[in-house]
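Shared between the two complexes below is subunit A, which pairs with subunit B and subunit C, respectively.
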Partner chain A sequence: MNRGALRGALGVALLLILWEGLARGLALPSYTLPSVSEILLSAWTTRQALLTAAWFTLAEALAGYAIGCVVGIGIALLLSLLPPVRRGVMPVMMAINSVPVAAWSPLLLLWLGVGMASKIAAVALAVGFTVFLSALAGLDRVDRRAADLMRSFGAGPLSILWRLRLPTALPLIAAGMRVSTVRSLIVAIVTEMLGAYGGLGWIIYQAVVQIDFVAVWSAILVASALSLAFFGLVGVIERRVIFWRSS
Partner chain B sequence: MTLPPSAATPLLELQGISKTFGSVQAVRDLSLSVEEGEFVTVVGPSGCGKSTLFNMVAGLDEPDPGGILRFKGRGCHAHELLGRVSFMPQRDLLLPWRNVVDNAILANEIEGANRAEARAKALRMLPEFGLTGFEKQYPHQLSGGMRQRVALMRTFLFERDLMLLDEPFGALDALTRTLMQRWLLDVWQRHRRTILFITHDVDEAIFLGDRVLVMSARPGHVKHARRVDLPRPRAAELVTSPEFTALKREILEAIEEESMKSFVASNGAVAA
Partner chain C sequence: MTTRARFLPPWLMTGARFILGLALAAMLWEAAVLLLGIRPHILPRLSTILSAIAATPGAYWSGFLRTLAETLIGFAAGGIVGVLNGVLFFRAPALRDLLFPIFVVSQTIPVIAFGALVVLWFGNTMLAKAVIAFYLTFFPVTVNTLLGLQSVDPRHTALLRSFGASGRQQLLRLQLPMALPQIFVALRLAASLSLVGAIVGEWFGDTTGLGVLLLQAMYNENVVGLWAAILCAAVLGTGFYGLVALAERRILFWGAEQ
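Let's look at the complex of A and B:
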């Protein structure tokens, strides 16, 4: 783990150095590729606005993420208890899921307005489906012999779900939740670009309109820092909770 | 310790039980009965339907229609036995996210027992199962023998009149195995449960059992039932006594005949 992190950090540092060298050596104009130092400097001078925007976006992403996880896992639990309902509902679910984020974001803006609600809904949908599908796959992975053993102790479907199927599904649920961290920020930012009162997506959109590419890059920098931190945090929690897999 | 001659109704009685999976008949026309407090061992060639028999008595699989299944003198469907017999499957099936004590009380928890009380009871039983000091360990931290003892403890804590043990010592080395056998007899004598016990090992079957049932090759039924009149408590030296050896020869002969049948049958199937 530590060696992996070290190697990752080294890779990123190398990339940044290469980038800086290229941008300066070839004297690229900043609308093609600004140098790293230029971006960092701009990010520092506009830190007030960037932080406010980052907080705004993070709040939307976290709210949507929480709702998506709870609803996704909840529906998966419910459907795995009711196989007939599941067979009826799954095609509908898959049809909704096959619509790309970019397509339902404008609709959400029309329905829920330009405020935070539309971003939260978009994130919740994206995260919800990912977590739902991984939870369902995890719940199906149950060891039949273990379920039989519990039945022989007189356990009903609910008891087996709670004591066996849910813990068995946790590693897959956690994997779904981990990839959803990055997705939640992407979806929040993309939806903000279509219309918002604030947030990193809104800053990026404004900067593009004003042809201020350094500002675009500094917003992207903040967004990827946020994604990485969120991803790392969920990864750490995952290793704590699912302790029996790591050793 | 000798059993009263069948004055009372048997605890478990099967008559003409069959079980078919698709095109495979695993068990055919099987009859057996187990008296209250009796320790009955079952031996037979691999794949003859021993686990299938247990799955039916545990209530997990319904036998084919036509046979008779009686528990405590009352005819019943297999599924009515769910929660009424204490079943230990061939693999330990410990839950990796539960420590030793919480694995041991799984059945009690399912029954709705108070968790703190069940834990306290399990903690008191740890020394008897040779698990003192391991209560907080997780299954991946235990040896095979210890895992098996945790599974046995789980089965014992689920206090039912009939215990079904499917090759509980099958995966253990010879030394651990003999120790566990003596230990099990000891525990059995103190807890007075009725035990139906599957094994591949004829020595084990005779050493432990009041009666040894030899099953035929698939489709399985009881081919030979032999009472073991060796005195209890049984000491380790018993295994080398002439009575024991005579019994062993008799049972081995019966098994070998059946094993040859299933061996020839499976080889034939491979050749065909």
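Let's look at the complex of A and C:
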């Protein structure tokens, strides 16, 4: 382990000790700040319900994430191949994007109901736009001279896209996909809170209503662990796939 | 370029094109709903939505102002703390190693859960909503400030130091200005995020604000009201984003795009 990682671990450990000490030393009521041990204990005793909820949320987030990535990259590719369409479609895209995701969530809930579909749609929307914008930026980043060179050798637009534009754009697309991992889980949880049959957001909402803040914290713990794992996994895949990444 | 374009100031041209685009989009919306027979449950006509806003302008206006205030406070606090954090982390790498992982973990906490805690801590006040907006914005600004400061050519810093510039002078005259393009990229993102924070924060039983209007419309299955609130949020989001982008263009007059 290098020094940076060691210090990072030290920082987290210090925070946890400080937290535990504050909560115990000042005897803070659990609705203000429960101690770390209390949260861990609660998470362990309610692990069955938490795992079921985590699975529920993860399924929504993953489905929405997959749809969002495919649609986002697909539309970006399409628009980069068809500049006239792009000029017409872009303002509409920007208008949709100017509305915060949190504002779309209630509408999606009315349209698609309280089930999983509305959460998947909300995640797909949030992920789709992030990936779409980064993919478009990546596809635009191609050096004109390189494209001209390939064209002078008789390469068609599709060949240029596949051999030049896509490899150049991949690092940016991957960056967008990596940022989207955490966002997908957060959006799923946020939408769940507005109405759902299960999931971490639903657990958090119920715990807030019942003023059970230890339960809120243990749900947060699970959600953070899930986000970090998803983020790490996509990061590992990214390093494997995009071996030519410059920085 | 046409000859007329040269006599009109560019901002007027941009403004005219913007208004023209808006009018076109409004007509398209209206026509699409009428011609394609889209059910009002999915997408009501724009005129219906606008007349709904005109019927009770007070509710929308006060909601708009309330959410705007929360967004602005959260954004300002997040921006200032983010830049200070970035500078601090740049100056003290040990501190950066110590705290950065905690910051990263903090960003994986879903806003909604964090919101519940903040509302409990600060009460159901405007401050609580601003704190949520702050929580969403400070991290991207911190990261980009740090990145921007780190990308300054060390030879430039060495040159300044050789002229006897103090650490503070190096920071204010060279490093921060060089980092500004990166910082503004984060500020633009933060403009959108702070609005999300304000709206979500209002979901915890507030009485005014765009987030409240959204929730009320959802519970009443009032699609027109929902669209009206979405429209207000879009105007607020676009306007604020535009302001930050404008400030960016004014302040970065040397045109250091990336």
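Just a few scattered comments:
Basically, the second predicted complex is superposed on the first by the 235 of 247 C-alpha atoms of A that agree within 3 Å, B and C clash if a C-alpha of one lies under 4 Å from a C-alpha of the other, contacts with A are read in each partner's own complex, and residues count from 1 in each chain.
Heads up, the rule we're going with is that a contact is a pair of C-beta atoms (placed from the backbone, for glycine too) under 8 Å apart; a residue touches a chain by one contact, two chains touch by 3 or more.
Keep in mind the model is a prediction, meaning the values are calculated, not measured.
Looking at the shared chain after the overlay, A:Arg3 reaches subunit C, while subunit B stays out of its contact range. Of the two partners subunit B and subunit C, more subunit A residues are in touch with C.
Of the two partner chains, neither subunit B nor subunit C is touched by A:Asp140.
Once the two complexes are overlaid on the shared chain, A:Ala155 sits against subunit B while remaining clear of subunit C.
In the superposition on chain A, contact of A:Val190 is made with subunit C only, not with subunit B. In the superposed pair of complexes, A:Pro91 makes contact with subunit C only, with no contact to subunit B.
In the superposition on chain A, contact of A:Ala103 is made with subunit C only, not with subunit B.
In the superposition on chain A, A:Phe213 makes contact with subunit C only, not with subunit B. Looking at subunit A, you'll find no residue that touches subunit B in one structure and subunit C in the other. By the touch criterion stated above, subunit C contacts subunit A in their complex at residues 21, 25, 41-42, 94, 97-102, 105, 107-114, 116-117, 120-121, 192, 195-196, 199-200, 203-204, 210-211, 214-215, 217-218, 221, 223, 226-227, 229-230, 233-234, 237-238, 241. Those residues of subunit B whose C-beta lies close enough to touch subunit A in the complex are 55, 58-60, 82-85, 87, 89, 91, 93, 95-97, 106-107, 109-111, 138, 140, 158. On the subunit A side of its complex with subunit B, the touching residues are 143, 145-146, 148-155, 159, 163-164, 167, 243-245, 247. Listed in rising order, the residues of subunit A touching subunit C in the complex are 3-4, 7-12, 14-15, 31-32, 91-92, 95, 98-104, 106-107, 109-111, 182, 185-186, 189-190, 193-194, 200-201, 204-205, 208, 213, 216, 219-220, 223-224, 227-228, 231.
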